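Two complexes come next, and they have one chain in common, chain A, joined by chain B in the first and chain C in the second.
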Partner chain A sequence: MAQVVNIDAPKANILEVEGLKKHFPTSKALIPGGGRTVKAVDGVSFTVVTGETLAIVGESGCGKSTLARLILRLTDLTDGTVKFHGQDIAKLSERQMRPLRARMQMIFQDPFASLNPRMSVAEILTEPMIVHKLGDRRERRERMNELLGLVGLSPRHADRYPHEFSGGQRQRIGIARALAAGPELVIGDEPVSALDVSVQAQVINLLEDLKRRLGLTLVIISHDLAVVRHMSDRVGVMYLGKMVELAPTAELFASPRHPYTRALMSAVPLPDPSARSNRQILEGDVPSPLNPPSGCRFHTRCPYVRERCRTEEPLLDSGVACHFWREIEALPGPDRTAKPISDAYQRRRALYMERRVNQDDAVAAG
Partner chain B sequence: MASIQAGVNDIDDLDDRQTGGKADAVAEIRNLQVGFRTDQGSFNVLDGVSFTVRSGRTLCLVGESGCGKSVTALSIMGLLAPTAHIGRGEILLEGTDILKLDRKGLNERRGDRMAMIFQEPMTSLNPVFTIGDQITEGILRHRQVGRADAHKRAVEMLRKVRIPAPEQRMTDYPHQLSGGMRQRVMIAMALANDPRLLIADEPTTALDVTIQAQILELIRTLQDDTGTAVLLITHDLGVVAEVGDDVAVMYAGRIVEQAAVTDLFADPQHPYTLGLLSSIPRLDADLGPLPTIRGSVPAPSEMPAGCRFSTRCPFADDHCRTEEPPLAEIATGHKVACWKAPLEENAA
Partner chain C sequence: MSISNAAATAPAPARTGWSQSRVWRRLRRNPTALAGGVIVLLFIAIAIAAPLLAPYEPNVSSWLTVRKPPTAAHWMGTDDVGRDVMSRLIHGSRASLSAGIISVAIALLIGVPLGVLAGYYGGWLDAVISRVTEAVLACPFLILAIALAAFLGPSLTNAMIAIGISAAPIFVRLARGQVLSVKTEDYVQGARAVGCSDFRIIRRYILPNIFPPLLVQSTLTIATAIIAEASLSFLGLGQQPPDPSWGSMLNTAKNFITQAPWMAIWPGVAIFVVVFGFNILGDGLRDALDPRDSR
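And then the complex of A and B:
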């Protein structure tokens, strides 16, 4: 059969976010300096293409978790639009919103806090199906067993309670719950941050595998640039409620444009002592979102700051919100290219991976 | 120095003699065993841990949750919970076995000769006292100085940890500071009496990555000035590579590999070390699907016989499952506890 599929054909956008804002008023009575607003998300626009993984990266207080909650309408927005398959969800009533909720789901960071300790795994996994009126009792039971298998657990786990599981297993349960209603879009808010590295790798592989098998679209919220590089197709970098850079992953890591992105990359310690270097270390703290700096919000910490940055806010253009990115991009950036690994490590790593596959095969064979 | 004689047969003594040219040993942990009593019985969470922290050097203890790295730190500081008991072993601080000291002797050293900073600076500072009060308290406790001099020293420490406008900050309460600033205050407090040993338990884990870079840099600069020995506890091999001189990899209460940092990364021997190194996603390269370590750490009540990693190790055989491998030298200064090391010879 002739290949008529045009690979350049634009894919549909599953999500379109335009001028999104979330402002939280602070209480006058309780907080000194209250009565003002925290601009947690302050004018963010982006789209998510069906089937891709978009990562949103940034440090505490940059608004990335608020953004995740706004997309799912777990909190109401202050201004802007969030369109899911072209439909503006901000204008929907709670009743109209309900059927959409089955199609967009969330995986939370803390597998200890996000599972109800009084519900068995079976109850946790069937509840979304009951809420969304999917299947009858028998079908739900079948689907639950299928979900357990999907995330690498077994049907014998169904009658246990969350406290009987390790952190990694609980996160698998959280993932299975998110998949229970058959979503198209899954948002992971720091889905692997609470896990130990060896377990983190298992869960990352699981998410990538599920995405491929179920044709999911993923939005991953993370503070960990290495995880983001590994999992995503595109990356948005946030700072103090603004998107400062948005680019395809390979491009972003090859040539970061925004000074903040460059500083972030430079700050991550690499697991390689030969990469120890005179890193560019940002001075100071992230300013309070109660009173964000004028102009470019990064100007108080930016090593390349000029007068214009203090007064005029740069807009996201060519994937970067910086007045001077063209000049800065030309400057030598953080050297984060991999050094060749030693022969000894390479040899043993290969040996480890070979044996590791055998180990899995042996387990699968029983 | 009376307690040195207790461990004449200890391997570490031989090492010290062979490497007499090295920096002074500030703290020596010898064959430390710590157990916890629970409803289900008593379990060893540390099982024969030995290492030496030397003046001006940073030893990193690296491992995952529950491997015993924090218990090691708390044992040294005498801060273990009442349910824990030290079965055997010695903790020599500048030659004195602090396990044999009474409370007074321990209190004289804590906060003076040795000090500790913790992961969460919000919970380790007292919210109802100003940071000035909290720093001067430690100085007054250990130094024969008046309030004015202690205040002066506290301001000097805040300046050293690069807190802007230190005089004004003295009257701030912890909640008025950012996470990074609080950790700087903790460091100022810990270093106020020039300790010989600084224990830092995941000092940057709760901090953002740009702040982490500042704090790691700060600890390193201060160490260069004072020659303090640093025991840094972390789960992050990136942090180890960035600031460590020496490293001990812990798994389930035992040290499985110990080496100079450059040697560990260039010549990793233990299958657990290999698994850890390979399973981290890399900022500097995308190497495809991540190799993982099978399963998870066994509960203390279900520790296997023999090598504790044998239940998860892709190289394990019957020998590994029955007999515990000793932590043996495989190259100069590089020790590994694995019957199969080097893997290419014994497991290929």
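And then the complex of A and C:
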């Protein structure tokens, strides 16, 4: 069962999300609409180009996981449209949605919770093929072995149960399951954040490799800026249910425009003690999505706040949702252009890298 | 390299599902639970082999042996119409055990589907099922069973149905609660993302994962059901004379409690031991199936 990759097709939008909203009612209202609602996702729009990797970042509680579930229709949306290959899937019934599920898949955050403890790896991996009636028993078994190979496991793992694997291996099984029905779009909801740092690297490399080999489009939800910078082509920054900035990765990291993105970037730890002076620390907590601030949602914590921000909500325009981004951009931001690296530091770093490689080899061998 | 090849080609040990083997390992280390299991198996064996084990016909009376105390010929004595108490006790185990097991099976068949539907779909379906369940639970178990048995008419089968219906609400509530916690698990979300139908999700993802607590509750409810059957038979609503059951034996024995106490003692002991066996087996199973306790 080969992956269908249409190379001749122009780079079309595989996913178009417009005005996506998800409001969770918190208390039952006597009058419809009278209850309080949590606006987890409140009017998010973006597109995903076929073949790219789009990252969605933001702190916990900003609605990024809800966004992932909305796109896959694991949660019903309140308003907005989600177009997959131009077809609006927001209002499809569960039954109409089912055939599309083979083409869009999800990788979950917690590899210990995302696999059914009572199914063997073979059952977990053949499940999507059985559901979508792909191949006969023998073909499914072959495909399963192929999938295990793709994610770096061996066919002899097939009859084991999830609890017999490590976190990294389980996440590989989760990835293999996501690939089983041959999807075009894979959404990773914090696919590596539950893993050990050394295993994170393996899984990230695996995802990138699979993306290249199978021609996948990835949407990666993450709060880890290092992961995002490494993997993605474009980055969307979310704050309190809104997309505040959407830009190509290199641009976003080089010159963040939204004040929130600037603060986020300055929070990335630098491996250079002399460059740590410019950290911009945000005051206060994220406001409750139960009662979001008026105007720009970031105005309660923004260091550049003005009167207009309190009343008028900025729209995402040319990749940033801020009234004054042009002025702010001119201000000295967190200085991410590293100073010339001293010779002594370079020597120390070379030594460290060498030791590190040796250590990795030792771990790999052992 | 050769080592790993050998390992790869060596026949894999037969796996019967991790849960069974792990549960068995942990159960084996729990002598109390094992004792419970042995008691239960012993009584089941007695019930199956009753005609072979019983020294006399359970329903044949004799004027020569009315209310005789235990002797070498009648180890547990004889009853008011001269029937061998031991033979009746052995044959009576059939009524008691089958009442316990079949009525719990009925309770599971009614309770689990309703509980799963209520928990999985929620909404008005849940509201209706839950309210009805609570209404039924408001009646004391035994009173309800007696009322239902009286309504259906006195027979062992009707007693089983009555007990099964009365015990069903426990399973509705347990299954519903378990489904509510299991259905938010990522693997259920994953199954939906893969495109599984609701029926498939319930069958392959929900039911296997709510099975352990249901199994524990079943063993405990079997004990309750055996007592309920004895109570109904004691009241004349269960096993009908002359066929023996432990409850109906107690019922007749109560009239001769001072003259022939052996008539009451043995069925009483039998009920106590088998209920005790099911209870400690259930407790042991609960400990062995609890994933939080990783001994």
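By our rule, the second predicted complex is superposed on the first by the 313 of 366 C-alpha atoms of A that agree within 3 Å, B and C clash if a C-alpha of one lies under 4 Å from a C-alpha of the other, contacts with A are read in each partner's own complex, and residues count from 1 in each chain.
The rule is short, and it goes like this: contacts are C-beta pairs under 8 Å (C-beta built on N, C-alpha and C of every residue); 3 or more make two chains touch, one makes a residue touch a chain.
Bear in mind the structure is a predicted one, so any value in this text is a computation, not a measurement.
*Asks:* I'd like to know which partner A:His163 touches here: chain B for first, chain C for second, both or neither.
*Replies:* The answer is second: A:His163 touches chain C but not chain B.
*Asks:* So, A:Val286: does it touch chain B (first), chain C (second), both, or neither?
*Replies:* In the superposition, A:Val286 contacts chain B only.
*Asks:* By the touch definition at the top of the document, which applies to A:Val227: first (chain B), second (chain C), both, or neither?
*Replies:* Once the two structures are laid over each other on A, A:Val227 reaches chain B alone.
*Asks:* Per the contact definition in the header, classify A:Lys21: touching chain B only (first), chain C only (second), both, or neither.
*Replies:* Neither partner.
*Asks:* Which partner does A:Arg349 reach: the first (chain B), the second (chain C), both, or neither?
*Replies:* Only chain B is touched by A:Arg349; chain C is not.
*Asks:* Touch test for A:Arg141: chain B only (first), chain C only (second), both, or neither?
*Replies:* neither
*Asks:* Looking at A:Ala201 after the superposition, I want to know if it touches chain B, chain C, both of them or none. Which is it: first, second, both, neither?
*Replies:* The answer is first: A:Ala201 touches chain B but not chain C.
*Asks:* Identify which of chain B and chain C touches the larger number of residues of chain A.
*Replies:* B
*Asks:* Give me the intersection of chain A's contacts with chain B and its contacts with chain C, in residue numbers.
*Replies:* Chain A residues touching both partners: none found.
*Asks:* Residues of chain A touching chain B in their complex?
*Replies:* 59-60, 166-169, 196-202, 204-205, 208, 223-227, 229-231, 253, 263-276, 279, 281-283, 285-286, 336-339, 342, 344-345, 347-349, 351-353, 355-356, 358-360, 363
*Asks:* Considering only the defined contacts, which chain C positions touch chain A in the complex?
*Replies:* My answer: residues 8, 12, 15, 17-19, 185-187, 189-198, 200, 204-205, 208-209.
*Asks:* Enumerate the contact residues on chain A facing chain C in the complex.
*Replies:* Chain A reaches chain C through residues 69, 72, 74, 94, 97-99, 101-102, 105-106, 108-110, 113-119, 127-128, 131-132, 154, 156, 159, 161, 163-164, 174, 177, 180-181.
*Asks:* Mind pulling up the chain B residues that touch chain A in the complex?
*Replies:* Per the stated touch rule, the residues are 64-65, 178-181, 208-214, 216-217, 235-244, 261-262, 265-269, 271, 274-286, 289-294, 296, 314-315, 342-344, 347-348.
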